[in-house]
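Each of the next two complexes has chain A plus one other chain: chain B in the first, chain C in the second.
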Partner chain A sequence: MRKLMFLAIPAVLVASPAFAQSTSVTGTVNIDGSVAGRCTFTLPNATLSLGELSLASNGKLDTSRVNGKTATLTGWCNSTAATMAVTTTQLTTGTAAPTGFDNRVDYTATAVANSASASDSSLTAGAGAASTVGLFTGNIVVTLSAASSPSNGLMVASGPGGYTGNVVVTLTPTVTPVG
Partner chain B sequence: MKKIALFAAATAAVLATPAMAQNVTGTINLTGSVAAKCSVTPGDGSTFTDTVAFGELAKTDGTVRTDLATAFGTKSFTVKCNTGTPKVSVDATALATAAPTSTGYDNSIDFQAAVAVTAVGVNNGPFLNDSSVAPLASTAVGSALANSASNVQITTSNYRTNNATDLLVASPTYAGSIVVVISPT
Partner chain C sequence: MKQTIGLSALALMLTASPALAQSNTATGTVAIDGQVRSVCILGDPNPALVNLGQISASSGPRTGKIDTIAPRTVTLPASFCNFAGSVVRVTTTAMTSSDTTSPQPGFTRAVNYTATASGWAVGTAAATSSALRDGTSPTATGTGATQPLPKIADIAVTLSNFTTPGDLILVAGNYSGNVVVTLGPAAVAD
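The block that comes next holds the complex of A and B.
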C-alpha cells in the first residue's frame, strides 16, 4: 500500500502539455534619413543686352530700352519655406558725367518664380525684401522697370556694352521642421 | 491422541504460508509535448530590431541617392523555429516625410525588401515586398529553418521616387521600416 502512494506523485508531471502554444517572432528594421534644404540654379546666368540707351532725338535715356526687358533663369528649391531676393546694381559707365549729363541708369528688377515675386530698385542700397518662393522647379523670370537717370540729362557716350550693371537673384533654402 | 492432534495443527499452519507470495505491478505513464515556436537568438526573445540611418537621402542635384541599397547592406538575424512548416511575412514601408510636396517633387522613397532564409530543404525564399504594394502575407518557407546562425538575411533594392526626375522635399525626418514576422506554422 505504501508503494502505491509513492507512485501517485509523478502523475503531476503529466499536466505539463498545457504549455503547448504557438509562438511567432517579429523583426523590425527601422530606416531613416533626411533631405537637406537646397536651392540650385540649373541656368544661373543670362545676359540682357539693352542696346542703345539714349533717344536719338534728344540724347536722354530711352526708358523703353530698359522697361519691360526680361531674362529667364531656371532653378529649384526643395523646401516650402525657401525664399527669393533680388539685388540690383545700376547701369553705369566709367566715363565722367559733367553737369547736364548722366552716366548712370537706375531701374527696378522684379523676379517671379512659382507665382512669387521679389524686387529691388538700384536707387537704394542692398537687396530688396525677400519673398517666400517655396517648393518649386522651373523658371525665374526677371523683368526690368522704372528706368531713370539721375538728372534726366544727356546720356554720356560709351562704347557698345559700355554701360554695365547686374541683377542678382538669391534663392535661400529654409527648412521648417516637421513634427 | 493428544500428540496426534498437535501434529495436525502444526502441519496446517505451515501449509497456509505460500498464499502471501503474490506479485504486484505499478506503471508510470510519461507524456509531454513541444509547442511549435520560433525564437530569436541570442536571448530567446520574440523580437529582433535594427536601425539603418541613411543620413542625407538626396544627391547634389536633388534627386534620390542611387546607393541606398548598398548603404543598407545586409542585416542578418538568427531565428530558431522547431517546426517543418515555418512561414514568413514581410511588410516594407516607404521612407517618407510629412512635408508637403508639389509637382516635380516627392516626399517618399519606395523600395523593395527581400528576406532570405536558410532552410534545411525546399526554400521558397527570398520573400519580397515592395513598399508600394500590400504586405507579403504569411508564406510557407517550404521546409524547416536551418538551425544555424544568421539564417535570416534582409536586403533592400530599387529605392526610387515616383518619377526619376523628382526632387526630394527637404525634411530632417524621413522614416520607414521593414517588419518581418516568422511564425512556426
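The block that comes next holds the complex of A and C.
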C-alpha cells in the first residue's frame, strides 16, 4: 500500500505543464504602410543655346544648328506605370515677320529615359503622346530634330538669344485612388 | 449627427486624392534660345556687264562727241535685308578712257552718267558722276531712304544721262566705269 502512493506523485507533475498552456494569450499588431507613386526631377532645368540659326550663304534656317542638339535633365519615378510626356514650344522672336521672312523655328523634341521615349512636334498644339517610362532613376535626355521654318524663308534678324522656345518634360506617377 | 460626420470625412478624402496625385507629377524644362545675324544680300547683277558699244556720234554735227545713249537697267534680283532700318547706296565711277594721258585741249577722256537704284525704300538712291575732262574726280555717291522693315525685293539700277565734261570731243579708246551698289544698315551706311 505504501508503495502505491509513491507512484502517484509523477501524475501530479505531468498535470502541471498542461495547466500553464491553457492560460497563454497572444496579441498581434498588424503593421502596414504605403508609398505614393511619385516622380521628381533632381535636375529640372537646362538651357540649350543654339547660337546662330541662319545660313550665312542665303539667310535661311540652318537646320544643323538645331537638329541633334541635346540637353540632359535628371530625375526618377518610383512607379512601374509612370509615364513621360513632352510639350514643345517653337522658337520665335515674338514679333511679326514681313512677307518672305520667317521668325519661327519649329522642331521635334524627343525625351529618352529608361529606354523609353516620348516626343512632340511644335508644329502641333499640345503635348505629344505619353509613354510608359516605369520605375527609374537617372538621365532624361532631350534631343531636337526635324527643324523647319514656316516658309523656308529668310530668317528675321535678332539680338543674341532673340529666338526663344522650350521643351517641357512631364513625368507622371501611377495615380492610385484613395479610399 | 454621426452620418453627417461620415459624409464629411468621405468628401475630404475624395477632394484630397487628386491633389495628392497632382503633386507627385514632375516637370522639367529645357529652355532653348538662338539668334539670327543681321545680314543683307544683293542678288547677282543681271546683266553683269553693260556694254554701251560705240558711244560717240559717228556722223552729223556731233561727230566725235557723245552720242545719245538710251538708259540701261541692271537688276539685282531677290536682294534682301533681314532687319529693320536698311538703306541702299550707289557709288558711280565715271567712264574713262584706258589711255590715261591727259587729253589735249578740246578733248575729254571721261563720260559722266547717273546711276539710280530703285525698288528698295520710298524714292530712289541716285548719284551722278562729275569727272573732269582729264578723268579726275570720277566718283559720286548717293544714299536712298531708310527701309523700315526687313525686305526682299529686286533692286533696279538704271544708268542714264550720259554726258561728257563741256560736251567735248571724246578721245578714242576703250572706256570703262562702274557702279557699286551697297545694301546695309542705315546707321553704318557711310
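Convention: the second predicted complex is superposed on the first by the 146 of 179 C-alpha atoms of A that agree within 3 Å, B and C clash if a C-alpha of one lies under 4 Å from a C-alpha of the other, contacts with A are read in each partner's own complex, and residues count from 1 in each chain.
Going forward, a contact is a pair of C-beta atoms (placed from the backbone, for glycine too) under 8 Å apart; a residue touches a chain by one contact, two chains touch by 3 or more.
These numbers were taken from a predicted model, which means no experiment stands behind them.
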Between chain B (first) and chain C (second), which, if any, makes contact with A:Asn152: first, second, both or neither?
-> neither
Look at A:Pro160 in the shared chain and tell me whether it touches chain B only, chain C only, both, or neither; answer first, second, both or neither.
-> second
Counting only touches as set out at the top, which of chain B and chain C does A:Pro173 meet: first, second, both, neither?
-> both
Examine A:Asn58 and indicate which partner it touches, taking first as chain B and second as chain C; both and neither are also allowed.
-> second
In the superposed arrangement, which partner chain does A:Thr137 touch: chain B (first), chain C (second), both, or neither?
-> first
Is A:Thr80 in contact with chain B, with chain C, with both, or with neither (first, second, both, neither)?
-> first
Tell me which of chain B and chain C touches more residues of chain A.
-> C
If you stack the two complexes on chain A, which partner ends up touching A:Ala36: first (chain B), second (chain C), both, or neither?
-> both
Both chain B and chain C touch chain A; at which residues?
-> 36-38, 40, 173, 175-179
Residues of chain A defined as touching chain B within the complex | 3-4, 7, 10-11, 13-14, 16-17, 19-38, 40, 76, 78-80, 134-138, 173, 175-179
Complex contacts: residues of chain B adjacent to chain A | 24, 26, 28-40, 45-58, 60-62, 72, 75, 77, 79, 95, 97-102, 104-105, 152, 154, 167-185
Interface residues, chain C side, partner chain A - complex | 10, 13-14, 16-17, 20-21, 24-39, 41, 80, 82-83, 149-152
Interfacial residue positions of chain A with respect to chain C in the complex | 36-41, 43-54, 56, 58-59, 65-66, 71, 73, 75, 91, 97-98, 100-101, 105, 109, 140, 142, 144, 154-173, 175-179
